[in-house]
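Each chain gets a letter, A, B, C and D, in the order it is written, and its residues are counted from 1.
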């Protein structure tokens, strides 16, 4: 507080990070739509032939919706974390920049999965993208707790609760990665379990 | 308020949702412009031949303007709702995420309509996109009223007024869907009636 | 204030419009970069052959910079206006939605001009886009003054000053339109005169 | 403060600039992902042939990450500057508009570098883009100090510290430009030195 180095970092309020985070989330979620793409269809087809061509878009629409929900899950996690994180420092910003790098990458891995979901490699890319984003969220929380950047009035139970819920997405992405070895795109249905898992953890921590 | 589960959800202020909503609306409305696209024209045409090629962009410009106005209508509805909604909860956020999924999808269905408006299926896709977004706005309001998340000082008349106006867009999109069976793209002119309908409802509720 | 209709429109604070406006401006200005595009060049060219190919990007870089500055000019005008506009109403929002429709269209007309600047029609499209945006800014200010939505303490001189400066961009775009009939793309250099014109008007009104 | 010209520029609070800056940074950082692009791969390849095709994306992923980190560095610099800059004026806004022009251009020069990194010219374009952005950041700070737009309580040491750190990025980009003459893309690894340089300067100024 008294030395020069600190006064120079005074600008690093959490609100500044949150603005960048909110912006990048909103844009990444909306850019996902570009991953669907418009098929190049001759305009002289019959109605049913046209429908058949559009039918090919289903896997892309599915991955669009999937990524949208995963990103909204990350966004919730971020807001939950920064509700308790009250101070910032250069290292916390660096963690968040790395995290945003993977968030901004989601439209890319979504397009790979939507376009080439029949390859195992595409599934690996998608799941690793989610896994690294999830792990960085976990690191963000651990670091903030470790460095005492969180609200002083937070109790131990909440800290542990946050740790647990922050582990859901990385674990689910690893599970999806393993299962995708056998069933490819269907493996992503596992993500639908994450809200259920979160509810279970929430219940456990609210009844103890 | 006193149990852990609630304190964990304290971060869910409505302002957080509004930031995401505002961001996604602004981006979706601006991304619409990409649906117009630039025709691939040889640069050695005569001026009139060039104009003829550009002329083919009219349906796309029309659907661009149409979607822009529909999205601005949804945006107004959202701000009207959140002027009264004072608290949030996980389910309300989930409703809004679903809603934003359809808002972010509008540039896609707009491009389908602008490019392949001569197919009935394109009209169905566009109208269903608007219909689901509209229904989710309606559900959002109903849920917020049901769970008591709205301002306590709101009177019954305002609640009913909001319900009515929130029904305009889903109903208009269903009408457009029906009419589009006969006249395709022209059916969208029905949307121009929605501000008139809103005015009528507003007048009714302000004079009683 | 006391009737239902008004209480229903209470949400329409100017801050809500400003958020949407700021978002759409930032996105439109950044999307302009997509209008430049990356040429499709074989990767086995000599260095000088590669440079020659890139050279073809100059007109696009020029129109990118031009549109960026024009949009930043509109953005300044908007903030200047809303510094004085204190209240909002449904019609003001409608004017702003129309205005934003033309702002969001700028990446399209910029790409047309950058790609097909050798056609007179492209210049007409670009100038008309700027002209309509400029006229709507002018209407926005006139309407706000007429309906008493501006700060009560604003003096007559400031109102007239704003009217004058708001006329610069529409007039310049008309001039550019006229000149472009003879010299095409070079006509856009006229826009560089607008800051000078603004300075002159500012000086006049600060010395009287 | 008392003359008309000043009252007309009262809207130019720094918060307005910061909103535009934050928006353009978030969008430019997320648009970078479009520079990666999805390869056009036949869907009937073997898994290993598919992997080989994807392998070609590495230089693009590398330049994506590089530009993301450079932009995040500029973003930090901007927030550090505006923590101390308390007032604004038309010239400061103009400097920032020029600066944003180069920030919004980064997705373009990133795509050039990712796609045609084997040409020296691509490296020149990329490094010059970063250099001009860096120089404008430096000018921004110098101008703000010169015109007394910064916090009155700022001490000389902080001003000099800021000057020094603001020089890191332009100098590093010039170094990268020089080195790229010999080793092309690898030259960009020099950017990884900038956090280290910043740490050194920070340490120096906190121990004196």
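Everything that follows uses one rule, which is that contacts are C-beta pairs under 8 Å (C-beta built on N, C-alpha and C of every residue); 3 or more make two chains touch, one makes a residue touch a chain.
These numbers come from a predicted model, not from an experiment.
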Those chains which touch subunit D and also touch subunit A: none
Same or different residue numbers at the subunit C/subunit D copy interface, by half rule: different
Subunit A-subunit C separation of Cα centroids, rounded to whole Å: 36
Subunit A and subunit B, separation of their C-alpha mean positions in angstrom: 25
Multi-chain contact residues (two or more partners), subunit D: 23, 27, 31, 34
Contact graph of the chains (line, ring, star, complete, other): ring
Touch list for subunit C against partner subunit D, complex: 22-23, 25-27, 29-34, 36, 38, 41, 43, 45, 47, 50-51, 54, 64-65, 68-69, 72, 75-76, 79-80, 82-84, 157-158, 161, 202-203, 205-206, 208
List of subunit C residues in touch with subunit B within their complex: 3-8, 10-12, 16, 19-20, 23-24, 27-28, 31, 34, 93, 97, 100-101, 104-105, 107-108, 111-112, 115-116, 118-121, 125
